[in-house]
Amino acid sequence: MLEVRDLRKAFAGFVAVGGVSLTVETRQIAAVIGPNGAGKSTLFNLITGHIMPDGGRVLLDGRDITGAAPHRICRMGIGRSFQRTNIFARLSVFENVQAAFLAHRGRGANFWARSEDFYRDETAGLLASIGLDAHADAIAGTLSYGNQKQLELGIALASDPEVLLLDEPTAGMSATETRETMQLLRRIAGERGLTLLFTEHDMEVVFTIAAKIAVLHQGHLLAEGTPAEMRSDPEVRRVYLGEH
Amino acid sequence: MAPSFLFSQFMGGFTTAMFLFLIASGLSLVFGVMRVINFAHGSFYMLGAYLAWQGVQWLHPRAEAFWLAALFAALGVALLGGIVERLFFRHLYGREELYQLLFTYALVLILGDAAKFLWGTGQLSVSSPPVLAGSVEIFGTAQPLYNLFIMAVGPAIALAGWFVLNRTGVGRLVRAASYDREMLDALGANVGSIYTGMFVFSSFLAGLSGALVTPIQSIVPGMDVLIIVQAFIVVVIGGMGSFWGTFWGSVIYGQVLSFGILIFPGFSLFSVFALMAVILIVRPWGLFGRPI
Amino acid sequence: MTGRRRATLASRIPWTLIVFLAAATVPWIGSRYDTFLASQIVIDALFAVSLNLLLGTTGLVSFGHVAYFGVGAYVCGILMKTYEVPFVLAFPAAGLGAALFALVSGYFCVRLQKLYFAMLTLAFSQIVWAIAYKWNDVTGGDQGLPEIPYPDLDWMSAIPGFGDLRIGDRFYLLTLVLVALSIAALRIITRSPFGRMLTTIRDNPERAAFIGLNVRAYQLAAFVVAGAFAGLAGALYGLFSRGVFADYVFWSKSAEVIIMTILGGMDYFWGPPVGALALVWLNQQITAYTEYWPFVLGAILLVLLFAFTGGIVGGIVAGFRFARYRLARRDA
């Protein structure tokens, strides 16, 4: 369970996130929506330790992880993808995922063995499950955009996270790619018992897959609830769904 | 210690400081806008010195020879800076900083040898312009007129620079460029010509300071790599990219060097480097720079 | 199985062993001057490979790597000359001393990024230079430490075929073995999981932190390892040139080793040694014709920066790929 309590962050007087509280239950799929500049990415960066909050708490299964360094937060079981694709561009796809296994399982300090001999089966298995096995030997930077997004997911999954934060996992994808990616996400979340929190622009995607939706507006939580509740919330309809 | 002795140490430090400011201000401006340490700034300085010497040879008997030669040197180096920026440097803006650093280092190598080829390896010197020959007595110490002149030129350039940066349209663009390149692009400003302009101006300052140093220092190969280290220290102390920072950085450098000799004889050089290290560790953005 | 390189005929040939053995024959087949050049190449190769652990593997642009080379040279030189410590102790002490200094200075450097990192490393190297230049009692100041004794190599006479070798030749062979062992160690480190972690940091430090890496700690570890091996190279260089001087630590030397590294190709483990070989050879060829070697070096650097960023090894690899591609097309 991921809990955010009254999280606040201002940049030079501009309030990016102004007292947001949010709870995502274990194994729940939740979405954060809101217009550009609503504070979604900042919220993610606050949760994953990339930005120090001005106030508030982040709790993972009741444990306070507020403001811990990103690498510690990753080790505590939060995985994430970034809005701008974030892979190791000059390594092969296989090496990308293998590196994540090595790091997560504490082999990074091993300076005498050959890295290619580690976690071969795990890596191959994970690549197969995200549908990248055909590209295993490709240099990651040369992959198509959609494949890079898949790879990023693979890297995050190699850290065996409990909670997965995805910042616009389908940004820049075609309709077909978007649908496939969301199906993949839902399947993997089910198989691994993941708690999923994601941001997304595509409302159709959000309303089909999320069990819970939180609406951010100008750094504040406007509303949260089930998709059905959000659809009927007059405030949400007015501010975000663009109805008057 | 006698007050007059301390005063003359202070004046010595201040002359050094103002010289360094002339040189380091150009280095700092280029860093602030383009985010690169231009190692070749020292080479431009050296070329300024050689060109000034050349100019004086040509104009020798005339009373104003030195001033014309200094202007010639500064303009010549500015032109060279413009050519270098347009032909080569701009192709490296998108590349990693390693390539930019190495490019400026390649210039150091090439210009250093070019100067040796053109002017030989011997020491050259230029005498003070007649107006500024001699010295005046202040607090019982003899102060060369030429040093006093330099002490006036430094702050004058600083004030002019401050005025241009803070009170003119060009200055606003330059400051914007140092904050956020992309924003400036989005505003439709011609970033390319701002960069060229900065590089040319910075080269002009380097050339000018090289010319102005000739009456008090002889011109020798190797003066390029020695000066760049000092200018680098000044810029680091004051804050890379900060104009006033560079000014105060120079003042601090001059005084630490001047009084450091009294406190640790033989170790004044070390005390400046140590100061730089401490500042880089405690405030990597320098005393007057913006936090990074 | 994916991810494992296919073994080709070329990769089955023990290239490194062949190069090592070929290098070992220099004292017998070459002139005294050849041995001199070979010593320089071998030492520079280790220095450049140690730098490339930062530059090519971790993506850290150190503009002050010569500081650790210098610390190693001074530690070994001072121990052997002033305190008459035997080489077997002075040599590892040089690596240790450089590693310690790298630990202290690196701790501060890795807190900064990109250009600021480069500048702080440069600053530290200039501090070392200032100390070397001014601390007369220990470093000899601007006079340096001349006449450092060679290590005792009389034991080599016992080996058949070594009896007639000059002391310079013997020292070259010792250097070759020590450098080969050091480069082998760096090779193992680069290929290890630790080395893999460094490459993730090079490619994307933000992502590397989010696979659970303490990026700064890894960068610092790489910095210390690179510093230690640079120190070993420095120790050998001081003995090879029979003295340690403040000039060794001047900032332009850091630029030279970077040029060597990218001339060979910083994306390849064997790039830096190739660069060392090429640069020493070029220097020797060109200085025979002209005193303007820096000019030529600057011109080479321009070509590398604008047209040939992969360096020599990068060029060879690209050439092979092109040839294979052409062959494949002809066959098809």
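Labels for the chains are A, B and C, by order of writing; each one numbers its residues from 1.
As a convention for this text, a residue touches a chain if its C-beta (ideal position, glycine included) is under 8 Å from a C-beta of that chain, and two chains touch if they have at least 3 such contacts.
These numbers come from a predicted model, not from an experiment.
K.L.:
To get from chain B to chain C along touching chains, fewest steps?
P.N.:
Contact-graph shortest path, chain B to chain C, evaluates to 1.
K.L.:
Can you tell me which chain is nearest the middle of the complex, judged by mean CA position?
P.N.:
Looking at where each chain's C-alpha mean falls, the closest to the middle is C.
K.L.:
Centre-to-centre on C-alpha atoms, which chain is most distant from chain A?
P.N.:
B
K.L.:
Centroid from C-alpha atoms only, then distance chain B to chain C, rounded to Å. What do you get?
P.N.:
Their C-alpha centroids are separated by 34 Å.
K.L.:
Determine the centre-to-centre distance between chain A and chain C, using the mean Cα coordinates as centres, and give it in whole Å.
P.N.:
42
K.L.:
In whole angstrom, how far does the Cα centroid of chain A sit from the Cα centroid of chain B?
P.N.:
Taking the mean C-alpha position of each chain, the two centres sit 49 Å apart.
K.L.:
For the complex, which residues does chain C have touching chain B?
P.N.:
Residues in contact with chain B: 55, 61, 63, 108, 111-116, 118-120, 122-124, 126-127, 130-131, 133-134, 136, 250-252, 255, 258-259, 262, 292, 294-295, 297-299, 301-302, 305-306, 309.
K.L.:
Residue numbers of chain B touching chain C in their complex, please.
P.N.:
Going through chain B, the ones touching chain C are 35-37, 39, 88, 91-92, 96-99, 101-103, 105-110, 112-114, 116-117, 225, 229, 232-233, 236, 240, 266-267, 269-270, 273-274, 276-277, 280-281, 284, 292.
K.L.:
Taking the complex as given, what residues does chain A use to touch chain C?
P.N.:
48, 50, 69-71, 74-75, 79-80, 82, 86-92, 94-95, 98-100, 102-104, 107-116, 118, 120, 123-124, 127, 133, 136-137, 155-156, 158-159
K.L.:
Flag every residue of chain C that touches chain A in the complex, lowest number first.
P.N.:
For this pair, the touching residues of chain C are 1-4, 188-189, 191-197, 199-200, 202-204, 206-215, 218.
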